[in-house]
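Both complexes shown next keep chain A, but they swap its partner, so chain B is in the first and chain C is in the second.
This part shows the complex of A and B:
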């Protein structure tokens, strides 16, 4: 097994892809935390803990769940809204959950508006602007999610979570695979269960400090 | 995956049953058939649920391309046409794949070289196109004969590269190739190479799966990039000044994009090992002498090993099946006991020996040879001779007869 660990950055001027450092994706029924394969059970707990600790926990929904292009996408979108509402209910004063879409993958020129969207070609701009210290990608095409996750790891200290509908993401610090409505709801339930048990790092360094 | 599972057990318009690929390739009955390599390509594609095949004639793949035209006439392929050149063919393959089709093509030698610009583009765009490369000479003075030099140029394109030894490999790997390259965490093109003529134009007994079974269709909705979308990268990038921007963000995006392609090659390792039963096959790797080879050089190596055994010299064999992903750990492990590693190749530069030298410790153990090229055959006697010379044993020159 690789000694490399997928940790919050800023890691490098050009950080390596975690796969090229020997990090392997989880098999069905598994997840990974920092590049180490683990049970989904543990991953729910850790994802919920990271969300509840963060000053600006943020969900980045992508095009696969933003548009009602099939019934499954619409149901997932409803579940994501529920997750966000749960997060809002469970955080403490001073924490500011956000829901910022990645509506498409076009490079945004001359300038992205980081308050309303995130873009895979320069996701760090949105992280920095909003001082986001924990985020979750969901409904983003895998290639674009990997670009984003790696650029975020390279230039920010933001903790990244991927709720992937396919095989998962090694470039996230924590990744689920085969995401479904049930899995999103289960994460929401875990956040609710851990409410009040996790101390937010309100005075700690955030993703914007780089 | 749910969408794919839902079609299994149903029939296509030819009455073939969409079958679980593992069951089709590992459990279904096989029929021994005496076919040329070109005919085997046709038979694999008959069972591959291909949407589009684009052809351009160049020896030695022309026969396979023409035979697939027959499949189109029979209704097994969605669309089939001839491009204006290999460059055009590969560009048209990209268009079809961007649109969400399962795409197949074949080329060889100078055709591979002419189309080269497209291959990193395919990989960068995450297009799981399968291209058969029936290797032949590429240099001037022109030769249509077997020579594997073109594989060296494919190794750094970001494509998966496999090297078949036999027609049986070819049949199985064409079908398995689609499964691996279409995995959402891989989703890369595959160059499935063989040594032209030696495999394409010779007959062999090949065990075929039933004709009434076929792979499930390609599901473009599992792609890691949106299919055809002119507003999104990579298409957008190709027409957008973003590609020309001189700033850190633009460079960092491009760098991350390239890294992601090679990360996908890495991810293919797990799937390739699963479907090909390892990236390498090995025999007698406890021997002091190990032959490491790919393609038909493996067959020649195997025969050389048999001849050496008759003389009391024991050799091991490593058959390299996948060149990308590169079986680094497997080759290190298989050669750890070897005092001498011989790498017979059908090309002048010895690209496989260079890869192996860069992989194993104590690389002075690697003997880059014997080489033949330009269409020469590689009699096992010259491998035997190379090994015996190294061991200080008496040998003779195969083609020499004195003055």
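This part shows the complex of A and C:
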């Protein structure tokens, strides 16, 4: 097993792909935390803890859920809204949850408005601008998510979570696989359960300070 | 892509940036009579761009995107140049190809789309500068025409390599001195419209983009002919105001001056016999459709 761990950055300008460092993807029913395979149960707890600790916990829904391609996408969108509302209810004063869309992958350089959207080709701009210290990708196609997660790890200190509908992401610090409405709801339930038990790091450095 | 599928998930509608909401609410996808007159009353398929102020290429882009007959089922293929600064802001599927490779990419794409979506109209439109079309990509351009590939090639002719500082291109006029071509061009402008005709293009137009209604007409004709019959080629003069020493406000006049009779961009059109027949059929259908709509409107008013 690899000694390499997928940790918050800034790692450096060109961080290695975690896969090239020996990090492997979880099997069905598993997840990974920092590149170490673990049970989904542990991953829910850790993801919820990271969200509740963060100063600006943020969900980045991608095109697969923002656009109503089919009924499943629309249901996932509703679950994501529920997750965000739950997060809003469970954080303490001083924490500022955000829900920022990634509507498509066009490299809108340099016209990105980091206040209202994130772009996979320069996700660091949105993270820096909003001082995001924990984020979750959901509904982003694999190749764009991998690209973004690597850029974020390279240039920011943001903690990344991937709620992946396929096999997971090595380049996230925590990754679920086979994302479904149930899994999103379960994460929301875990956040609710841990409400008040996690101390927010309000004075710690954020994604913008690196 | 059906227009009905371009919908935002209701639960996340409020967080979508307004340009996407506007595209869904008031863009002209699926509108039968879309054209340049929609500009200003509906959401354009081009968001802000990063071209220079007053750039005629930006005007051309807006007219072309407003005139495509089937934007939701169109894929545009671009190449390196000023146009590649605009494509990221365009709400039509597009591919950036290697410099000069655009007609080869479009050939494969058009064939793949016909296999993947049989019985569905999918248009492919190449949009590249004169360097990509005539110099570096001439082989790919000509071979696509020889093979009778069914797509439209649009060349934004600014008569030099603009975004690399003004080098000489094949379409530069003889004697022209540019910043990075100080001796002046020694040879004539390549007569690509004539070459296109001889190479098998069924519709060839050489003009400027000073008149939006004309651009609309030629774009629609070119796309329809390419869809049904074979390759089409449009050479549009989009002068680079910076490289020819003009100000932002002078691009339009430059185009007007260049389209006068006997000037190099005087309107020239070639239509093959099968294409003429197709255009006549389309015009007849259009007339019929408009008459029926008028009758329906009159009936509704009477009731």
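Quick note on the criterion: the second predicted complex is superposed on the first by the 209 of 210 C-alpha atoms of A that agree within 3 Å, B and C clash if a C-alpha of one lies under 4 Å from a C-alpha of the other, contacts with A are read in each partner's own complex, and residues count from 1 in each chain.
Assume a residue touches a chain if its C-beta (ideal position, glycine included) is under 8 Å from a C-beta of that chain, and two chains touch if they have at least 3 such contacts.
Keep in mind it's a predicted model, so treat the numbers as computed, not measured.
In the superposed model, A:103 makes contact with chain C only, not with chain B. Once chain A of one complex is fitted onto chain A of the other, the partner contacts of A:196 are absent, as it touches neither chain B nor chain C. Of the two partner chains, neither chain B nor chain C is touched by A:29. Applying the stated contact rule after C-alpha superposition, one finds that A:143 touches chain B and leaves chain C untouched. In the superposition on chain A, A:167 contacts chain B only, with no contact to chain C.
In the superposition on chain A, contact of A:19 is made with chain B only, not with chain C. Of the two partner chains placed around the shared chain by superposition, chain B is the only one that A:151 touches, whereas chain C remains out of contact.
Of the two partner chains placed by superposition, only chain C is touched by A:111; chain B is not.
Looking at chain A, you'll find residues 106-107, 109 touch chain B in one structure and chain C in the other. Per the touch definition, chain B reaches chain A in the complex via residues 126, 183-185, 187, 222-226, 231-233, 236-237, 240-242, 245, 249-250, 252-253, 255-257, 259-260, 262-264, 266-267, 270. Looking at the complex, you find that chain C touches chain A at residues 5-12, 15-17, 20, 47-48, 50, 88-89.
Within the complex, the chain A residues that touch chain C are 61, 65-69, 73-74, 77-78, 80-81, 99-101, 103, 106-111, 113, 116-117.
Remark: chain A residues 14, 16-20, 24-25, 63, 104-107, 109, 121-122, 141-144, 146-147, 150-151, 154, 166-168, 170-171 touch chain B in the complex.
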